[in-house]
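Listed after this line are the structures, all set down as structure tokens.
After this come two complexes, each holding chain A, first together with chain B and then together with chain C.
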Partner chain A sequence: MTGARLLVRSESGRTSSSTSINRARRVRPERLAAYVLVAPSVLVIVGLRLWPLLLGVNFSFTGDGDRDGLAVGLDNYAELLRDPVFRIALRNVGLLVLLLPVAVAIPGLLATFLYLRVPGARLYRAVYFFPAVLSPVIVGSIFTLLLAYDGPVNAALKTVGLEPVDWLGDPGVAMFTVAAVHIWATFGMALVVFLAGFATLDSTLIDAARTDGAALRQVIWHVIVPGLSRTIQFVFVTTMIGMLTSMFGLLYVMTSGGPGGATYLPEYYIWIQQGQMNRPALASAASTVLFLVMLVVGLAQIALLRKATRED
Partner chain B sequence: MSQRAVWPALLTALLVVAGCGSASGTGSSSGQPSGKLVVWDWKSGDKAASGYVQQAKADFAKKHPGVTVEFVAQPFDQYYTLLGAAVQAGKGPDVVLFNGGGQIRDRAASLSPLDQYVAQDKTRLAGWDAFSKEGKIYAAPVTLQGHPIYYNKALYAKAGLDPEHPAATWADFVAGCGAIKKATGASCLSLGNKEGYGIQFFMSGLGSGILTPGEYDDWIAGKRDWQSPNVKRIFQLWKEANDAGLNNKGPNSTAMFNDSFSLFESGKAATVIGLMSDIGHWKDFGEFLKPENVGATLAPVVTQGAVPSLAYDGGIGYGIMKWTKDPALAADLVRSLTSTDALKAFYTGAGAIVSDTTIDASGSGPAAAKIVAAIKTGKPALHVALSAKTLDLMGRLSQQLLAGSVTVDAAMSQLAASDKSS
Partner chain C sequence: MRTARTTRWLATVPMAALAVATVYPLVFTTNVALKTRHDYILDRFAPTPAAHWDNFAEAWANAGVSQYFVNSLIAVTCAVVLLLLLGSMAGFALSHLPFRGSRALFLACLAALFIPFQVIMVPLARTMTGMGLIDTYPGLILAYVAQFLPFTIYLMTSYYSGIPADIVDAARIDGSSVYGVYRRIMLPLGAPALLSVGVLDALFCWNDVLIALLLMPSAQHRTLMVGITSLRGQYSDDIPTFAAGVLIAAVPILVVYLVFQRQIADAVTAGATKG
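And then the complex of A and B:
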């Protein structure tokens, strides 16, 4: 921009043609410097992100097995649409999006209680964060043991006279179980973000609301939530990404996509097709679809964020 | 260069052949004086297999002292994913360990046929079919894998059943289950179907008692009628056994590897359809239950006219990738990996039932003796004949059958369609 402005000024001045040329020449290295400075990151993005992405998309239009390397048009995508397991995987993505408010509300509410200094708040803060440092494989193994049919959770249910539940073996229950475990394992990070958001909140507003006789629910709804709107949106975006991209470990350990394919997610599907079914091109097509889903969800969220900042 | 000094006579004889780069003959070509062969497997890192690997390496070094052999042990979970990446790249290991059946047949296009190299081993080793496709051999078998039915003799005795003569018919088997449950509280069958493998074991373990010999052979030959009453019976029995409470609770959330085997080992289940090699076999069980308490038997007769037999195939075997520079040299390594001495070390070290029929296995307890005795009359396992895609579908449908979310008829037509298209 500066370079362009300099040029315009020199041309409109017309005091001396030689100085204008000199100035124009002088700005060129400056211009170049800008490109040189952004070049490494552009090259990294183009070379390691966009180019492989294009290769992957291109690969998804080729065949597998006997048709390896041959162009097959949209056959892989047609097969995906026909495959009931892939449809389940996409439906589960929808389910996770629906569960998103719960996944955000839990750390939000807990952070609110911590901020309002419930007794033992310090201890709870540490306890809540603890699961966030465990790897999904460890979390998955712990809950696989806890939720086994003859495991402690069902034993506890039995002592209070309830029927045991096959948490990971019932197709109608398993996806909710895995999602709940994922929320348990990751809400600590969102909690910390919320607490950081609270630090920027004007405490006099809350005091004023309380003086005016607002109940806890009213304080949360009319003071805390509006004050934290940007934090909430940030947590929404990060939780969404976490749910769609990092549940593989839990699925792998806890259900292996079962029972009956009920807990498939696109990334698990991609892994199975590539590694177990020897269908890399089909897996590429599934990856492309997952990428498009993420793109749509991501763009929608960026639009939401923009809207929110404009309101500010 | 040193190789040439050691093998001057052989080299002279083979000079012309080697110069042309021909790889025909017995496979003991020493045209490549030096080089490196890379082997991929998931076994060589295992302590129990170290004796086997040492033995095979020594055997190969005797034939080709100048060639280095590198074993790369991959994690089994990721094995075929990594191999798939290598195939896409068109380069990678020379010699590769495979599971028999679908896993190798689906990848046959990336492998070199071994027929011309392993002709001498064909009678000594068993289990070739699992590594063959359209009449060509793609790997040499190392172990035999199959599905004997193991039972806990101590629990049988406690329930008043004859531990030396397990039930020969399905009706007797179910009656025995009731007695065991009553006397010991143990469940009858240990079933882990979290991975969807339970149905494969069930199909192959009990199939010879359900299908008539003719139907069985047709199935293996590729003539599979999924709507025939006896094939349907396999899946009906799968569901009935669960509904009747023969299985442990929650089979869909019980992992076969290794929770279902643990149930059997800890005496919480009286019977399990297990394996012959690698894991979940007579040696593993014997360590927990004592070898004399582990019995092995064949399928009880479910349908009139069925002749129970041991279901087994080649378990794991070594093949050669297409891109290997010197297939004859790599084939020599495969032959070393399947030599009698190496396989004997594998049998004693890891407790695998190996492919070499000349090894004596009588001193390893009643279960091993029973299995080895049944090899002669054994037939290929039913599920091994199916493609990876159909097996994956069958795993999912089996879970849905147990959960009651699909009917046997619907499952059969889905399986028929998948089997036809692959």
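And then the complex of A and C:
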């Protein structure tokens, strides 16, 4: 094909000057076409994603209500720090970050089992992945029925002689419940990503380690983890983003932030301040904080994991 | 080798338990949705004595689920068509056409990928209000396109990068315009990627609740997921009908999943293996 192109070029360009004219003519429509092709996307991404980010940050330094549009410096941020509900939201973020290794280890282990050809692997994979494509609204609705005080989960506890738990009504329990439901609903996503990572692994390494008599634990730690470092990194970051930005549906359906604000997350706080309290500037400040938290946690994770996987 | 086999069978127990834990919630909900209110109050766990399909009819016709369903269908269809159109156009340009700022655009896409909707929702709602697009389909569709376009462009660009430049060059030499190349070569060749990313985009839009809640506040414009959340309050004393509504919302997802499972997994993993 390259040969054909050269042939056509030399045929049409008899002298060097006509070649360059020809090339210039050809480049221009190509460039123009490129701009035409990307223009709508640029318009949408810049206008509705990047520009609002700047607008929002800017907006967070202005006031609400009577002080609408006035510059108020860091007042909104100070108010956020004073607000006990926002503090709970941040504390819950901390809790989620602590749960992160669990949320990554579960699909990681399951993927390992599937990769080692547990009987029925294909069926498991199909079953596990399904909740990941269900809407948080559907998942949340189903689990409000399951986790009701007189629901099936407590009934099951009762049959094995345990006390019922107020899964969504106990402030000390509710956040764990919602986080667990979120993990139930999303581990299939990470599982599929892990399986794709396994497909790139050199299986002879694993076979060699096992014929040498290495225990499963050793194989995981010394062969699989180092070999999958990029996949693990990717799953960590995407799982964290998922936890911080896609639990709104669950919170909205299952707890509405309650009981007593115990299940607030920044995203729910932003929604309440914007939609219910009519405090858009304060909500923008919370958005900016959420963005910074994600940036920091994401970068810290990448740095930590780089270090950890390099040691091996 | 013996240990390997033992491990395999040992793993089967927790894995089967987890599979049951994954399926049971759906089975329970289906069972509830098929009960009469009376049966549900008497015993919510026992298998329903007779399938009672009236709950589905009630949810569909009287609870407004049919209206919500149509609203969602409109928004999702338009958004996905636009996403695939813009995404393939930009993906083609970014992968095969040299132009100033192409690298900057790709980086902007990646950056936008990491800006969650929650972070921009306040200014976006104000912008939409300012443009008169709040509570309108164009507004919601535009917001969906903006939300999922970076991902769509990213996947289309990496897919198109695997198509040899020679094919484009040959078509150009045969007298095809750049747009002709896009229409006659890139669109058909991109079909597998368009299908994968289109299915995933459709699921994202169908499952969304926050964007629709923010931008489509009036009751007659509720999307299906927003409608389901309102159903909960409306039918708090008629859980079987509520459960039926939830299942109606889940059925299209189940069908899409059963048909396109491989494509969905491909689109989900494309970011992981290439990023």
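Methods note: the second predicted complex is superposed on the first by the 250 of 312 C-alpha atoms of A that agree within 3 Å, B and C clash if a C-alpha of one lies under 4 Å from a C-alpha of the other, contacts with A are read in each partner's own complex, and residues count from 1 in each chain.
Throughout what follows, contacts are C-beta pairs under 8 Å (C-beta built on N, C-alpha and C of every residue); 3 or more make two chains touch, one makes a residue touch a chain.
Every value quoted in this text rests on a predicted model; they were computed, and no experiment measured them.
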{"item": "Which of chain B and chain C A:H222 touches, first, second, both or neither", "value": "neither"}
{"item": "Touching partner for A:V85 - first (chain B), second (chain C), both, neither", "value": "first"}
{"item": "First, second, both or neither for A:M189, with chain B first and chain C second", "value": "second"}
{"item": "First, second, both or neither for A:G260, with chain B first and chain C second", "value": "first"}
{"item": "Winner by number of chain A residues touched, once chain B and chain C are compared", "value": "C"}
{"item": "First, second, both or neither for A:G275, with chain B first and chain C second", "value": "both"}
{"item": "Touching partner for A:W167 - first (chain B), second (chain C), both, neither", "value": "first"}
{"item": "Touched partner set for A:D66, first chain B, second chain C, both or neither", "value": "first"}
{"item": "First (chain B), second (chain C), both or neither touched by A:Y149", "value": "first"}
{"item": "Which superposed partner A:P29 touches (first chain B, second chain C, both, neither)", "value": "second"}
{"item": "Interface residues of chain A shared between complexes with chain B and chain C", "value": "271, 274-275, 280"}
{"item": "Chain B-touching residues of chain A, taken from the complex the two chains share", "value": "65-66, 68, 85, 147-150, 164, 166-171, 174, 255-256, 258-261, 271-272, 274-278, 280"}
{"item": "Touching residues (chain side chain A, partner chain C) in the complex", "value": "1-2, 4-5, 8, 26, 29-31, 33-35, 37-38, 40-42, 44-50, 52-53, 55-56, 59, 110, 113, 116-120, 123-124, 126-131, 133-138, 141-146, 151-152, 155, 184, 189, 192-193, 195-197, 200, 210, 215-216, 231, 234-235, 238, 241, 244-245, 248-249, 252-253, 266-267, 270-271, 274-275, 280, 283-284, 287-288, 290-291, 294, 298"}
{"item": "Touching residues (chain side chain B, partner chain A) in the complex", "value": "78, 80-81, 84, 88, 106-107, 109, 193-196, 249-254, 259, 388-389, 392, 395-397, 399-400, 402-403, 405-406"}
{"item": "Touching residues (chain side chain C, partner chain A) in the complex", "value": "1, 3-4, 7-9, 11-12, 15, 18-19, 21-23, 25-26, 28-29, 32, 44-45, 86-87, 89-90, 92-94, 97-100, 102, 105, 108-109, 111-112, 114-127, 142-143, 145-147, 149-150, 153, 164, 166-167, 169-170, 172-173, 177-179, 182, 203, 206-210, 213-214, 225, 228-229, 232, 239, 242-243, 246, 249-250, 253-254, 256-257, 261, 264-265, 268-269, 271-273, 275"}
